[in-house]
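Presented sequentially are two complexes of subunit A, the first with subunit B as partner and the second with subunit C.
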Partner chain A sequence: MEYRTVLTTCTYCGCGCGLYLEVMDGHVVNTIPCKTSPVNEGKLCVKGWNVHEFVHSPKRLTQPLLRKNGELTPVSWDEALDFTVKRLREIREAHGSDCLAFLASAKVTNEENYLIQKFARAAVGTNNIDHCARL
Partner chain B sequence: MVEKIKTEVQQLLISGKIKGFLGLREQHGQVGPYLFTDAQDLEGMVIGDRLKPGDSRYPLNKQLMRIARCYPDEVFGVMVRGCDERGLRTLFGSNQLNPEKVVSVGIACPQELADACECLKPFPDEFVAGEPAEARSFQTVAKLDAMEIEDRFKVWLAEFSRCIKCYGCRNICPMCYCKDCTLESRDFLAIGSLPAENPIFHLTRAIHMAGRCIDCGLCNEVCPADIPLRTLYKKIADIVEEEFHYRPGYGEAGTRPSFKILGEDLQH
Partner chain C sequence: MAGLAAAFGSGAMTNSIAELEDADCILVIGSNTTSSHPLVATRIFRAKEKGAKVIVVDPRKIQLVHQADLHVRHNLGTDVALVNGIMHVILANGWHNQAFVDERTEGFEELRGVVEQYTPERTAEITGVSVEDIRTMAEWYAKARASSIVYCMGITQHTTGVDNVKSLANLAMLTGHIGRESTGVNPLRGQNNVQGACDMGGLPNVYPGYQAVNVPENREKFEKVWNAKLSDKVGLTIPGILEGLNSGSVKAVYVVGENPMVSDPDIHHVEKALRSAELLVVQDIFLTPTAELAHVVLPGASFAEKDGTFSNTERRVQRVRQAIKPIGQARADWEIIQDLSTRFGYPMNYESPAAILDEVAQVTPSYGGITFDRLEGDGLSWPCPNSEHPGTKFLHAGRFSRGLGLFHAIEYKPPAEVVDVDYPFWLTTGRVHVHYHTGTMTRNSPSLHEEMPEGFLEINPQDARTLGVKSGDTVRVSSRRGEVLVRVDLTTRVRQGMVFMPFHFVESCANILTNPAHDPIAKIPEYKVCAVTLEKAA
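Right after this comes the complex of A and B.
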């Protein structure tokens, strides 16, 4: 028998609400807002309340997919990244840096968001940066 | 106060009377529910009074139901305040928990919490820690009752209008155990759209709290819009007592109300 509550942070937006995931025999089964979290003080929105639902979803991507002959095909990370770099380079050379845009995320850390804007501005040369929280 | 609970839990675990104890633990700077299974590892156990009395209470009976459904043959201990005990009794009465499989370890709430909760009985029948505080009447209800009915209705419409439909009141409620919830039924409500239908969404839930709400107040605390749900459900409980002479969780453990179906008495 295993029943645990795991303290974590909601992944849905940038607020960072504190919550506990209830884990029963290795499966995440429920969400409980953390009463002592200074961010949300024991409250959650409807998304936060259901954050446990996607964890074991069979619809989650588990490996990179590349569209080959119209079909999404599982490929290695190396192949996926090489293809992405090749196409981004081709597009930039043909149409200029401002034909590319970067979408940052509220679900990652400040440091990772810093990196993507730095990459966009310094490496690629565009100010086209937006983020997923503009919903 | 927590040392007395720890001693009791340690004895229960060592004697093998319980498989685990569902209580609260402070870990990583936060307080949350925790299932203690090792008598030698009760470090960090708290009663939920971090900065002020009762500021980190959780619906432990709800978590207990979840565990008991997976392990129906095991006996578990659970920390209870007065409201939690009322909850246990009502859940026993509606066959959601087996009284032979639950050992409660009681604490009495301090007066400050009893005052804030307007609690009619801020202590369980038996408790190992705390001193029994005095009961308090429902001043919040009396204040609203003193208003004209039209004004009262306007107050509630204004309160409900802030609802963001997070379903937090339903989700945190230790007495909400239905597999199919009316608040998610398309036959009764517009599902998946905002704003929440006013006042139908909240009145639907209020009706379902009749004969069920044990006045723990967690719904009030969880509401991001600060809707005074507890006051609403206190009023519902008053009406149920007046009409049916029943208040959930009071009286003998496992007792059911004298009626089978709410409303049956009114038909005769």
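Right after this comes the complex of A and C.
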């Protein structure tokens, strides 16, 4: 049996509490508050205590989907990404860069947000990038 | 955050969460802190134990009210008038900090001119708050050694959201409760990495670190580092993107980890816009209602499956660490974007998130000294301009980011939609403690789902009697934009004439009802106020 704890940051609210995920045989099975975190000092709220629960939900998306004949159909990464790139290029060629828009996310990491806006600005050539900060 | 940036030169929380504990007076306005930011609420409780005065301004009797020395229930959407009234009393009694005003601010005479008209009597008439309570708030806030303001969406989600925030900034500057330990104006960010998404330039007008896209030097700097030609045109915000989809000027939308089909106001309008996209790509961890409309759905990884950083509401950058491999064929979002970009013809070859953060540090002065190595332990609060800098606990010490603090003279304006004979109830929306945002994650967590499996509508028992409904009955709630069926919960948390609904639940979706009318500058929709009518459902 493999058991580890991994120190990380809660994904729910803007407090950013420190917590340990308990991992057993590749599964996140429980959450423990971090006592040395300057934010939460060993406390968590009800969301934080249960933050591991959605990770292995059977409803998680596990493969790329592409709409075929009106239905979202499982496809390979290559097919999904190549289709996306082809359509993005076609639309940009026909209507210009500012016809494309991107929504970054308050749920993904800083590094990921950085790459999304870099892709929009440097690769596609538009500043049409926003996220739900306002919500 | 546009309001704070205009007043101070930076839109972020001015002070750290821990400092709240040592404030002598805390003014909590439009923040249901115990539900939305529980660990901030803990600090408020501790301050209270140490003798601080806690003032809660909220139309609802939220849980924090039980800890408050004073609870003020103002009419929905009258925040500007209330704060002007408080400043009127402060000035009339000479409780303001003239030295601070003289040395650190500009625009004071204009402010005084407007504030003079908000006598306690007139303010009471607009806000429904008694003259006595207005006086008490003014005295406690102004006279304390260190007063701190905490606010959240209850302030920003109005057509006057930017005005509301500027008013709070006025109050802090007038009394000198800013730029010192345990003071400040502190917006609590709703979602975990809103601060980071803004810091990283997930906004149409700025590059990472709030560097404006229409300033030529900024553009040239990024063009050089990114080796690409960049647009100098400010981009579209979400309302603009939706309008563009409807009018045909926007054809494709790529959505990462967002769910506008539940989170945005007037869902029917959102759905129509998204359906008209020639290409809708959604990258997420669940098949959200937004993903269901997509042409392509890409499975991203959850926070447990990747490395990176989040920036919390107090500007503290902290590590996210990979605990397990991504589920199924899911991939970390940074890897997906990198792969996509390379296929698109703009190669990206970062070895790891650490390498991406190094590039962030290179182009973002406030993140200049932040690297993965330095984040072991407590993390770092920006600004952290170089590798020796210890990070910044509170902002604006000695000098505001913009130089002098700027007062804004602001008149009260009523909400965009007010009650009338057809829609006689005020509806306000918000969060509950067990759920998060659109519920994508929390409602897929058995323990949290069990705690609160469905949505509800809070209604005052008096109003319930008039309508002939009992607790647990279902009512039809209608606004000018749509209708939903929802179970009622009788409670004096709301007063007569007002109802409350949480927005996490797709099947009783509050945002079918809400008004997309938004603030002209920040473009934040008016989630907090709209007019509805109620009837008992058969």
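Heads up, the rule we're going with is that the second predicted complex is superposed on the first by the 98 of 135 C-alpha atoms of A that agree within 3 Å, B and C clash if a C-alpha of one lies under 4 Å from a C-alpha of the other, contacts with A are read in each partner's own complex, and residues count from 1 in each chain.
Throughout what follows, a residue touches a chain if its C-beta (ideal position, glycine included) is under 8 Å from a C-beta of that chain, and two chains touch if they have at least 3 such contacts.
Bear in mind that the values here come from a model prediction, so they are computed numbers and not experimental data.
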Subunit B versus subunit C as contact partner of A:118, first or second or both or neither: second
First (subunit B), second (subunit C), both or neither touched by A:1: first
Per-residue touch tally on subunit A - higher for subunit B or for subunit C: C
First, second, both or neither for A:109, with subunit B first and subunit C second: second
Partner chain in contact with A:32 - subunit B first, subunit C second, else both or neither: first
Touched partner set for A:18, first subunit B, second subunit C, both or neither: both
Touching partner for A:43 - first (subunit B), second (subunit C), both, neither: both
First (subunit B), second (subunit C), both or neither touched by A:61: second
Touching both subunit C and subunit B, counted on subunit A across the two superposed complexes: 4, 7, 18, 37, 43-46, 49
Residues of subunit A defined as touching subunit C within the complex: 4, 6-18, 21, 23, 26-28, 37-40, 43-47, 49-57, 59-67, 72, 77, 80-85, 87-89, 91, 94-95, 97-119, 121-135
Subunit A residues touching subunit B - in the complex, by the definition given at the top: 1, 3-5, 7, 18, 20, 22, 24-25, 29-30, 32-37, 42-46, 48-49
Residue ranges of subunit B touching subunit A (in the complex, touch as defined): 19-20, 27-35, 50, 55-58, 63, 66-67, 70-71, 74, 164-168, 171-172, 221-224
